[in-house]
Structures are given as C-alpha cells and as structure tokens.
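Take a look at the structure set out below.
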Amino acid sequence: MIKKTKNTKDSKEIKHKPWMLTYVGDHQVSHDVSIESRSYDRASLSLKTYSSLDEYTSHSESDTTTWVEVNGIHDTTITKSVCEKAAVHGVNIEDILNTKQRPKIESNNEYIFVTLKAISYNEEKETFIKEQISIILKDNLVISFSQFPNDIFKRLKAELSVEDSFLRQKNAGFLFYRIIDLIVDGYFKVGDQIDSEIAIIEDALDNSDNEIIEDVYWLKKELLYLKKAIYPINDIVKHLVRTEKKNFSSETIFFFKDTMDHCLQINESISLNQELVTSFYDLYLSNINKKTNEVMMYLTLFSTIFIPLTYIVGVYGMNFKNMPELDYKYGYIAIMIVQFVIGIGIYSYFKKKKWLNSSE
Amino acid sequence: MIKKTKNTKDSKEIKHKPWMLTYVGDHQVSHDVSIESRSYDRASLSLKTYSSLDEYTSHSESDTTTWVEVNGIHDTTITKSVCEKAAVHGVNIEDILNTKQRPKIESNNEYIFVTLKAISYNEEKETFIKEQISIILKDNLVISFSQFPNDIFKRLKAELSVEDSFLRQKNAGFLFYRIIDLIVDGYFKVGDQIDSEIAIIEDALDNSDNEIIEDVYWLKKELLYLKKAIYPINDIVKHLVRTEKKNFSSETIFFFKDTMDHCLQINESISLNQELVTSFYDLYLSNINKKTNEVMMYLTLFSTIFIPLTYIVGVYGMNFKNMPELDYKYGYIAIMIVQFVIGIGIYSYFKKKKWLNSSE
Amino acid sequence: MIKKTKNTKDSKEIKHKPWMLTYVGDHQVSHDVSIESRSYDRASLSLKTYSSLDEYTSHSESDTTTWVEVNGIHDTTITKSVCEKAAVHGVNIEDILNTKQRPKIESNNEYIFVTLKAISYNEEKETFIKEQISIILKDNLVISFSQFPNDIFKRLKAELSVEDSFLRQKNAGFLFYRIIDLIVDGYFKVGDQIDSEIAIIEDALDNSDNEIIEDVYWLKKELLYLKKAIYPINDIVKHLVRTEKKNFSSETIFFFKDTMDHCLQINESISLNQELVTSFYDLYLSNINKKTNEVMMYLTLFSTIFIPLTYIVGVYGMNFKNMPELDYKYGYIAIMIVQFVIGIGIYSYFKKKKWLNSSE
Amino acid sequence: MIKKTKNTKDSKEIKHKPWMLTYVGDHQVSHDVSIESRSYDRASLSLKTYSSLDEYTSHSESDTTTWVEVNGIHDTTITKSVCEKAAVHGVNIEDILNTKQRPKIESNNEYIFVTLKAISYNEEKETFIKEQISIILKDNLVISFSQFPNDIFKRLKAELSVEDSFLRQKNAGFLFYRIIDLIVDGYFKVGDQIDSEIAIIEDALDNSDNEIIEDVYWLKKELLYLKKAIYPINDIVKHLVRTEKKNFSSETIFFFKDTMDHCLQINESISLNQELVTSFYDLYLSNINKKTNEVMMYLTLFSTIFIPLTYIVGVYGMNFKNMPELDYKYGYIAIMIVQFVIGIGIYSYFKKKKWLNSSE
Amino acid sequence: MIKKTKNTKDSKEIKHKPWMLTYVGDHQVSHDVSIESRSYDRASLSLKTYSSLDEYTSHSESDTTTWVEVNGIHDTTITKSVCEKAAVHGVNIEDILNTKQRPKIESNNEYIFVTLKAISYNEEKETFIKEQISIILKDNLVISFSQFPNDIFKRLKAELSVEDSFLRQKNAGFLFYRIIDLIVDGYFKVGDQIDSEIAIIEDALDNSDNEIIEDVYWLKKELLYLKKAIYPINDIVKHLVRTEKKNFSSETIFFFKDTMDHCLQINESISLNQELVTSFYDLYLSNINKKTNEVMMYLTLFSTIFIPLTYIVGVYGMNFKNMPELDYKYGYIAIMIVQFVIGIGIYSYFKKKKWLNSSE
C-alpha cells in the first residue's frame, strides 16, 4: 500500500530575486552531475561525456542534431553555465532548478522550454517518485535536465546507437517529442499501480478488514498529488499541437496529437480512481454500521429475553418471611413455565419485526 | 447484479515506439481473424471472404462502395497489412490494436478514422462487454475492425443484401454513419440494463436487505467505466457534424445530428443514474441508523425498567441477619407494589419522550 | 408524497433504421387519434375536425394562419401522413413518435421543429405526468402533436374563438410562441407541487417522523427526471431568440425573451430544491444519531449506577458460612449507605461531564 | 436564528397571456400606493406628490432630470398607467408586477429596464425581507417601483434636497446608477447578519448544543434563496458596464465597475458561507458520534467488569445443598480476592487498548 | 493549530456615497502614518521621510523613478492627499481605504491600480494576518499603501540601496512588478504553514486523538478565507500580462508570466489542501465508528455469555421449598458444567461469525 507521504517545504527556497539561482529540492542529493552530449545524423553519432564544466563547449553549429543530457540539477553552477551557453533566460533557469515547479511550457522566438514530472513507483519504499525533467529545444539542439540519474532515456539511447534508425532519420524537434512521449508513457505504469492499490482496498472492504480505512486516506492524498503533477501536461501538449506548428514537422505534430490523446486518457483514469476512492468512505461507513447493527441486535435479543427472567428469579430469591408462593408444591415448576412463555413471547416479537433476518 | 470487475493492465503493452505495433488486450483470444469485403451499388453486390492475407487485395478503384470488415485485431500482421494498403498512418494502426484506446476521431486530407466502444450486456457473466470498433472512411472505401466475432453488423448486412435498399442507394459516407449509429443505438440497451439494476437495489433497500450495499459499489464502478467508454462519443459526432461537412452529403449530416442527440441522451441518462447510485449510500446509512436506533430503544426500555427492579429484589436477597423488613407481614407485597410503581413510572417517562412512537 | 416511479424501457423501440417509424411509449394507450384544423385571420376562423386521414388535406395556401392539432401519436400512420404532407423529414417524424426523445430544436430552410415535455401533477396517482408535445412551424402553418387528449390548449382555443383577439391579430410565428409559452407556464405549477412536497418532508423531519426518509429518495429521483425533461428548454428558447430572428417578428422575439427568463427561473428553482433534498439526508442522519445518543445516555446512566450496586447486593446474597458482616447489627444499614454514596457519586460524575444536559 | 420560511405559490398568478396584468405577491398588502415625482437640475428641485392617477402627468420634456417614485405595486392600474405613459412594453409591466420575477435587465432602443431584490433583515420576525425594486431609465426620466413603503431611498432624497450636491450635478443615468448601488450596498448588511448566524452555530457546536442542528437546515435554505435573489445582479451590472456605454457617461461606467466589484464580493461571501454551513453537518455528526462513543466506552467498562463478578456472586448465592466451598473458612475472602483480580484484569485490558484515554 | 477566527463587520463602513471616504478596518490601529519617498536612477538614490502632509510634495517631473511608500491607511486625510496629488479617482481611493476590498485591478489611460492582500502567519496568535497592499503605477511614479508597518519591503529597500543593482537599472514598471512578486512569494510560506497544520491533523487522526475534529473545522474555514484573499490574484496578473503590454517592457512581461505561474501553483495547492481537509471528516467518522463497533463487540460478547449464565444461577438462588435439584449430590457440579458448555457455545458462535477478529 501507498505509504504516508511527508511534504517538504515549498517556500524557503523561493528566491525574492528570480535572477539569483538556488536549487530547490531534496538536500541529501549526493550523486555527481554528469553531462553527456550526442551529435548525430543518419550516418554518424558522436558521444562526449564531460566530467567538468571547463571541457564542455556549446554544440558546434553544424548540421547534426545535438542532444545534451544533464544528469542532476543540484549543482547550480553547471545548470547555469549550460543554460547560459544556450542563451536561456534566467527565469527558466530558475524553473529548472526548482523541483517544486508546476509543469509548464514557455516558448519565445529563441527556444521552447518545457518542464515536466517523470513519475515512477518505488516498490521498496512503496511511494511514487516524482522527478523533474526540463527540456529545451533550440534550433537543432535539445538540452535535457534530469533530477536523478535514471533509466528513463535508456531506450532512446539504444535507438540512437542504431544507424539509420527512425530517430536518427529525424530532426531535433522529433527528439524533443520522443522525450515528452517517453515521460507520458511512464504515466500508464503509474495508472496500473493505482489500479492494484484500488483492488487491494476493494478486497479488504469485502473481507471487512477494518484496518484498511487509514490507507484509503493516503491513497486519496497520493492521487491528489499525482493529478497536480500530471494534469498540466494536457495543456502543454495542446499548446505544442496548436501554436507551435512552425517548429515541428507535420508528422511530429501528428505524433504529438497521439500523445495528447494519452494525456487525456491518463487524466480520465486518475479522475475515475479519485471517485472510487471517495466512495470507499461511504462503503466502509455502511459496512461498519451494518456490523454494529447486527451486533446490537444480538445483544438486544439476549438482554430483552433474559433481563425480565432474571428479575423474576431474583424476586423468588428474596428472603421475606411471608412469601406464600415459595411454599406451593408446584410453585417452582409454575414459575419456570411462566418464564419460558415470556421468553418465547419476546423472541417471537423480535422475529415478527424481522430484526433477526439479516443476521442469520 | 453487476459482478466485481477486474482491471487489466493498461501500461505493459504501451510501446515506446509508436510505429512498432503490438496488440493490447485480452491474451486468451482464440478465434481466427476473418476478412469480408462487400462492394456494392444500387444494382449489384459482390461479397468476398478472405481466409488469408495473400488473397486480399485493396478495393478496386471502381465506382462501387466497398466495405471491408475485419473480425479480430489480435493478429497484428493482418491489421497492419489491411491498413497499409489503405495508407493509414502507423499511429492510427496502433490505436486500432490498442483495446484500451480512448474513443477518438482523427481526420486528415486522406481519410477519417474513428475508434469507439460497442457495449453489450452478457447475461451469463453479468458484466458489460466493451468491444473496440475502429472505422476508416477513405473515398468510397469503409474499413471496420472489430475485436470479437459478433452480431452487431447483422442488420447492416441484411439490409445490404436487399437490392436498391436505402443503404444501397447511398454512398460510403452513409455506410460510415450507419456503423456509428448502430453502435450508439446499442447504448440504449445498456441504459435499460442499468435501469433494472437500479430497480433491484431500490427494492432491496425498501425491504431492508442489508447485503445489497456491496453491490452498490460495483454498480457505481461500472457506471464510471461506462461513462469513460461512452462520453467521448459526444465530441466525436459533434466534430463530424461541425467540421466534416465536406465529406458527407447534407442528408448524412442531418442523420448525424440525430445521432448526436442520442449521444447526449445516453450521457444524461448515465449521469442521472450516477446521482441515484450515490444517494443509495445516504439512503442505506439512514435506514441502518434508523434500525439501530429502534433496536437501542427496545434495549434501553427493557434495561432501564428492569435494572432498578432487579437491584431491589437483590437487596432483599441479601443474607444479613438484621433486616427488619423481611419479617414484616406485608413486606413482600409492599415491595412488589413499589417495584410496579417504579416500572410504570419509567415506562411513562419513555412514552412521554416519544421514544417509542416510531417503533410501534 | 411522490410515489415510487417505474422506469419503462428506452431501447427496445429504438429503431436501427431511423426512416422506419414506430411509436415508442406506453402501450396501453387506447384513445382515438383526432385531428383538428383551425384556419384564421383577424376576421374569420374555420374549424375542421377529421375523424379519418382520408378527409384530411394539407392547409390551403391562402393567407390565413392554420393550426393543425393532432391529439395522439400512437397511430404512426396518421402522424406520418400529416408530417409528409408538410414535407417533414423522417428523422423528425421519428422524434415525434419517440416519447423518450430529449427536448430538442431542429431548424432548416423549410421548417422549425421543436419537441418538448408538458408536465402536470396527477393528484390521484401522486406522480408527475410527462407528455411529449411536438410543434412544427412552416410558413403560415403550425402543426402540434400531443401524446394524450388534454386541456393544455383549452385557453388558446378560447382566445382564438374571440374575434380580433390578440392572437388572431398575429401570425403563425406568434401561435408557435404561445404554444411553447403555455408549456413553460405549466412548469411553475410543477414547481409549486415540489415546494409542498418539500414542506411535508420538512415538517416530518421536525417531528422526528422516521418513515419519511424513504420518500426523500423518491423525491430526489423525481427531481432528477424533471430536470432531465425541463433543462433542455433553456437552450431551445435561447436558440430561437438568437438564431431564428428572421422567422419571427421582433415583438415575438421580445415575448420569447420573457419565456427564456421563465425557463431560467424554473431551472434555478429545481436546482435549489435538489440541494435542499440532498441536505435532508444529512439532517435525518444528524437527528437519528442525536436520538440514539440520548437513548444511549439514559441506558448508560441507569446501567452504570445499578450495575455496581447490584453486584454489591449479590455479594451479600452469597451463602458462605463464614461472612462476618452478615451478623453485624448495622451491617445492612451500613451497606445500604455505602451503595447510596456510590450511586450519587456515579450520577454526579455523569452530571459533571454534561452528558445529561441535552436530554433534560 | 433564521426562522422557518414558508414558500408562497409561484404559479397561480402566472398569467397565460403576458399582456394581461395581475399582481403576483403577498395578498395582505394594505398600504396605499403613492407617487412622488422629483424634477431637478443643479439649481432647482420641484417635488410633486400624487394621491390619484388623474393628477399624474408624464414628465415635461424639459431639460431637468425627473425621478418618478412609485411606492407599492399591488394596484395594477396605477403601475400600468405610469408605465404606459412612458411607453414601457407590457412584458416589462408584467415583470414589475410579478414579485417572484428573477432579477433581470432588458434594454432596447427606447429604455433600459432593471428589476432587482432589495434585501433587509427584520430583527423582530427573524427573517430576511426581499422587496422587488424595478427601475426604468428613459432619456432624462427615471421611474422606480417599490413593493413596500420603505427607507431605502431616504439617503438619496436627502442628497437631492441639497443644492448643487454631487447627485444634482449629474444626469438621469447617474441617478439610475445610484439606485442600483444603494440596493447592492444593502447586501453587505445581509452578509453581516449571516456572519453572526454562523457565529451562533459555531458556538453552539462548540458547546455541544444538540438543538442547533435543525437551525443549520433553515440557514442553509435561506442562503440558497438569498443566492437566488442576489446572484443575477452580477450579470446585470456586467451587462450595463459592457454593452450600455452609450447610455451612461464614462464616469458613471467607472462607478458601475465599482458596483460590479461589490456584487462579486457579496456573491463570494455567500458561497463561502454555504460551504461553511454544509460542513456543520459533518462537524455535528463527528461530535455526536464522538459523544456516543465515549458514553459507550463507560457503559462497556462498567458492564464488562461487573458482569462476570455478578455472575460469580450469583453462583455462591445458589441454594444447592452440596456446595463444599460455602463451608470453607476462607471461602468468602478467597472468592472476593479472585473477583478483585478479575476486575483489575479487565480494567487493565481496557487501559492497554487505550479505549479510555479520550474520556479521561 | 489555527485558532477560531472572529469575523468583523463588512457593512457598516460601506459608504452610500463612494466619493466620501472612510477607513474600513480594525479600529484599534494606533501606529502613526509615515510616508517615505525614494527617487532613483542607476547612479543616484534620494530618500525623503515625511512626518506631516504639508512637507509632502508630489514627485518632481524628472527622469528618475520615484517610489512613494505610505505606511498606514487609517488616516484618511493623508491617503486622500497623496492620491489626489497623483490624480487618482475617488473610487480607487475608497478601495485603498476599505480593507475588506476584494483584490482587484483597475487600469485607465492615467494609471494602473492594483489592490492585494499580503498574508503572513503570526506564530504567537496562531492566525494568518491579511494585510491590504494597494499599488499605483503612473508614468515613472509608484505609490504603495500598506495597512501596517511591516518588513515586506525590507528586501526591496536593501536592493535599492545598492548602486547599479538590477532594480536600479530598471524603470517604474519593474518596481511595480517586484512589489507584486514579493507579495505572491509570501503566499508560499502560507502554503507551508498549512502543510504543517495538515500534518498535525493527520498524526492526531492516526493516534485516534478525538479532540482534533474541532480544529479541522477552523482549518477548513481559514482555507476558505485564504482562497478568497488569494484567488483573485490569478486574474489580476493574467490581465497585466495580456492587456497591459504597452505599460511594461517585454522583459517585465516575461517576469510577470513567471509570477502568473506561481499564482496558479499556490491556488492549486490551496484547492488540494481543501480536498484533504474535507476528507478528514470522512476519515474521522470512519475511525470513530470503527472504535464504537469494537467496543460494542466486547460488550456484546461479555453480555451474551454471562446473561444466560447469571439467569441460571439466579434460578437456583430462588427460595422455593420444593426444588428437588438442589438436593441432588452432583446438582451443583452438573449445573456448572452445563453453564460452561453454554458459555463456550456462545463464544464459538461469535468466533465463527468473525466478529472478534478485528479486535484481537
């Protein structure tokens, strides 16, 4: 089940001067920042890995498509340098560094800037990991910034390594599309994970497992945070399809429409699950009230039958000197019969009221 | 009643390269894929059935209208070949193969592509079956892809077999309309099935049947999934009526408007039933709390009357040596009268408080 | 109170070929279909009643306004003939015959077609009767189709019979307006009936009448169905005011604006009542929980006071040989005082906790 | 607190012919209708009071601004005459007479017509009084119709009586603005009254006052009716600002924008309070369930401790001849110790389960 | 935790004549109003502090940018004078003085006027402080009005004091942007405070702390008021970006877009937390019902086992002369065995029903 999530502060790191840059995110990041640069066309691919900023030079102004991949954004100097070499505005550099940034698109005459959340499920920690990915498209250059070292782009790199592959045949706009498409594809795995959480809760409610109701809250909260991370993608891809036709080939626009479709689908799926989760409370409350009602009926049946009878035997347990019935020969048997009749009478009344039907 | 539904995974089969094709759906599909091709005009109809792809050729470029019906999409080679012969883009081929695809319309200069869900109720399994139907309109050719062998198009075929029938008089655009209209008509049967499920629950709640509340959840879930499958049709038909006027005769547009109307109607009907289902929880909770309250009042009545009396008889059951009352001649009868008065007093108090009105 | 409503099937009668006509509605209709035709201008009025279709001829192409009123639509032949003589399209004929049709407007170069629900409250059956009324405006001809024989148009006919009355001075467009206006006026009576249902429930909840909660559900359901029948009128009249200015005099448009206003008002009124009805569940649940709580407090008070005391007297009712207290002279009186102190103590504790305030 | 409100019928008085006029409202109106006419410019002010219609003549066509104030609308003859002298259309006269009329604006080439609800709180009756005010602006003439004699316009009259006051400097359009602004200002007092009702309920819920929950319903209902009366103002003022620029000076438009702002503010305030009121049910239900739970825990604690002990003492109260324990010397003391141990055991178990924490 | 908030009256101070000015807000304001004026360009900065209005002159018409900062608005004379020297319209002066004013933007040919709420959390009083800030941009003059003396602008002043700083390089439009941006940045701290309130409630619900539920209401109310204060900012900044391009450099518009983004983010964050808070009621109700159910099951178990047994021992405690069982040698042992069997039977029945699983 989804575990309790702790919120990290959003505000401290919000700078009062947007052109002064700070990293906003988990402070315990320890991995080194690496920069990989791939320049390719149909025929050739050259890969460079930079261990320090000094070596890194902006891409050559040749005809090849260049993909600069920055792994890690906590070293603000590197991010800033890479961005400034591509003339990216300080406001967008700040967006790259702020891992709390809402997914957004910014396009101007110089470049298109998109920042998104890649989401994956961590089986061990039983939480969803949200990683900020920022992508810049500028002429034949694509720069991507990832928060953590990860495998998201493994497939892309494999494909790039194959000569004359579909990706190698296309331009930088298509590479930009592929990165976004890859992130959106990842959301379907998130959807499946949520489906299995839902199934676990459904089973638990069926088996009257009382402990499940707290997990419902954490799932509900997670769904809200997932929607917050995923929902803005809709508008970003719609913006790309509608107003950026000049920057992409018509085929890439066609592919983007397909991605737009997937965004719609994943958002509908989350909304649907949100409605299911909300109705778990109603279902649980109905179940627990049903159970309480059943238990109460048993208690009431036993109590209302035996309470008068116990009273009667109490009467004849009194030690008054003058209690003539006590001396009757059939007093005992008579009073036992009277009690039996009373007991049956109360039971029949309950039966007639149908109070016991549901519990038998 | 609607049975528990198991979700199948949405993600595994989502390919990372949209131009590489895989079937996404139930893996236990075993029926053979068959292709039927009907070429017709007012006067003539020719029917060809292809058992293998080799024989299948694209439709002749003659003046007749051709309907190619593909039954089964799990054999990706067949779907791909048929599509490629009609120059359908790979992204749409993938949509045809992905049975989790959201209903959508795609129209370009070459063809109009629509993918929908045909829904029917399986009496035996007590579930709704959602079958993906994809339809392509390209000039005078209509291609339809169905997920399972089925009777949806039986009526259409019967009508086609009649010489100079209304359908035979019309062009491919009208055939395209008829297929969509047929699917939408099927939704009304779904609506009726839901109405009877609602009626069953209403009766059960009336008769205080406690077991029904779990079924409410499964009906609520099914309604959410039905809405997800049906709702997008609204926009698809609206798009056809508004922006595809050039591809259809004005009469076909007139018919499409009627279908648009039906889409609106079925969606309103589902929304209405969703509101009813939601209020079942409130009704159930009210009923069960009412019942608990009634039971509690009986228990409290019996308890509060007999508890003090039982105490009193307990007092005179004590074995103290020095209890003068025990020796009084009328001690017994006096204490019984006192108890009777106390009992009546408590009962009257309850009566005055109107606590027992509702349960008598 | 509103009675339980049974839903009739929507689907069976939905034809798969829209140009083949069937009546969709209650099958037990037994009244004969009658056709009345009124041709009028300021000075003259001629009324013809047709008992069979043969006699009926379309209206003369003269300058008079003609109103053809068809009472009953279950005889499809009559409806079809009347429509075809006015060149009404088959799709609209089907709408006239389908009593489950959503209220809609269809306007083309030839005619304006509107179908609505006239709603009235049947005091005897305690249900709302929804009758489908369809109206066609074509040049100086108005045709109306009613589902049942009824008094809705009585006022209109009376007014027509007065020479030079306001209605007689106006053209067919104004007659068309008056019919729609009459139906909308009827909705205000529906609103008043709902207001009195609400008032009954409010009183019952005030008097803690537990039986009322089931009626709340049926009222909620009825409101949903009323909204479904009434809500689309908004758009129909708005469409008439905005896009049909050429077919109506500017004064008629002015009157239509007033009707639009009434539509808005009745829809707001229904929405408001829906919100009230929803909060009845909350109010009922609060009331019943309050009552349960009060009852529980009485039970707990009596129980917690007498349970320890009853135990104590039980102790001294034991038959052990060696129980020295039993032989003390003041044993009995001492133990009774101890019990009194314990009883008062528990009662005071309850008092201090304010548990009994609300119930005294 | 807000008292129960009785709805008055909306429909009876709705005329089937909009050009035939009837008063729709409270029938017990008894005050006389008075007409006051003020003609003014910077320098001069002339006030005429008409006791009968005969004396009343339409305003002179001079350059002065004229304000005709009609107090009372239940005498339809007067309203009709005044309106007809200003050539107001019958449909708008009907709106003036129908006190159930939704607030609306109607503007044509001749005049601007606005009908609103002035709302005030009646301390004595503890209800909100909704009074319909209709205002017509026609050239340099303003006519206002009020339902009851009242003090709403007192301030306006005072200001008019001062020579060269701001109001006297301006034209009829500004007077029209001032009347609407005055009515909107009144809504803020309504808002404050609601705030104090909310505060009373908050206090009552804090002090566990069980009787408050019924008042919550009446406040909720009142808020719905207030919103129905106030909400349409938004659109009316927006319409005035956006499409009636030709009829007002740019400064008056500037003032109207400020009023628009106030309308927004009061509507937000009502919506906010509606959300608070809705959550009172949740809070009450939580509180009452908490209290029930606490009471139950006390009952259960006492019962589970003493029930086994009472059983044990019952066992040794049996009168069997052969019960060896009864004869043991330390039988009594032993059984009392056993009971003490059992009692402590059960109490500790409860403690460990933390069931008693919340109530101590 | 958030404390109970008392609402202050909104209406009394609403003037019936918008051009007559009164301060609307807390009456206990005691600090003096101070005016600081800063004129600057890249090279020079001159700071003047005015202790009385007489000394204050409007800014020189030189090329320098001037920022007039008014601390305190309760002295209406000062506010009015400062505004009138800048030719600000009376309606906007009233907005500045009305601390209940909804955040709004007003732009005309002369100036841009914005009024906002700066929000901060007061740790001591445990409430959010909402301070009204109004800002006017007129040519190269910026005037700001703050309700209380505060540190919001400290950073801005520090930056201004540095020669050739980013802010000193820019014009008045940029200063206007910085003030708004500073206020929006403050909202993120509000967001963090809410997150920690949410966390406290989550922990309390986890630990079954019953007292927390009242705090939930106050947090819910505070969120509603925060949303009311913050939500309108969205539209204000959107308006600045879309329709005021002529008044700001394209770079300032770029910065405003970033602020727009932050507004969106903070509003989403508040909405998300509103949904969480609402579900606390459901969670609490589920928890408390679960607890009640558990307690009831214990009570029922003990009661239903011991009630029949206590009855049986009562029977043999009766003092009838003729009770043969009492004389049997193994009567006592036999009846004890019978009771043991009955007790085990009832316990097993409970076990089989799984009623005790959840509580063990």
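Labels for the chains are A, B, C, D and E, by order of writing; each one numbers its residues from 1.
Keep in mind that, in the parts below, contacts are C-beta pairs under 8 Å (C-beta built on N, C-alpha and C of every residue); 3 or more make two chains touch, one makes a residue touch a chain.
Predicted model, so just to flag it, every value in this text is computed and none were measured.
A.B. asks: When you check each chain against chain C and chain E, which touch both of them?
C.D. replies: D
A.B. asks: How far, in degrees, do you have to turn chain A to put its CA atoms on top of chain D, rounded to the nearest 5?
C.D. replies: So the copies are related by a turn of 145 degrees.
A.B. asks: Copies chain A and chain E touch; is their interface built from the same residue numbers (over half shared) or different ones?
C.D. replies: different
A.B. asks: State, to the nearest whole Å, the distance from the C-alpha centre of chain B to the C-alpha centre of chain E.
C.D. replies: Computed from C-alpha means, the inter-chain centre distance equals 41 Å.
A.B. asks: Nearest whole angstrom, what separates the Cα centre of chain A from the Cα centre of chain B?
C.D. replies: Their C-alpha centroids are separated by 25 Å.
A.B. asks: Which positions in chain E are in touch with at least two other chains?
C.D. replies: 285, 289, 292, 296, 299, 303, 307, 310, 314, 317-319, 323, in rising order.
A.B. asks: Chain touch graph shape: choose line, ring, star, complete or other and state it.
C.D. replies: Ring.
A.B. asks: By the touch definition, the chains form a closed loop. What is the full order round it when you set off from chain B toward chain C?
C.D. replies: Read cyclically, starting with chain B and passing chain C second, the order is B, C, D, E, A.
A.B. asks: Contact residues on chain C for chain B in the complex?
C.D. replies: Within the complex, chain C touches chain B at residues 4, 6-7, 9-12, 14, 16-19, 89, 91, 94-95, 100-102, 104, 106, 208-211, 213-214, 216-217, 220-221, 224-225, 228, 278, 281, 284-285, 288-289, 291-292, 295-296, 298-299, 302-303, 306-307, 309-310, 313-314, 316-319, 323, 325-332, 335-336.
A.B. asks: Which residues, counting only chain B, touch chain C once they are in their complex?
C.D. replies: 155, 159, 166, 181-182, 185, 188-189, 191-192, 195, 198-199, 202, 205-206, 254-255, 257-258, 261-262, 264-265, 268-269, 272, 275-276, 279, 282-283, 285-287, 289-290, 292-294, 296-297, 299-300, 303-304, 307-308, 310-311, 314-315, 317-323, 354-355, 358
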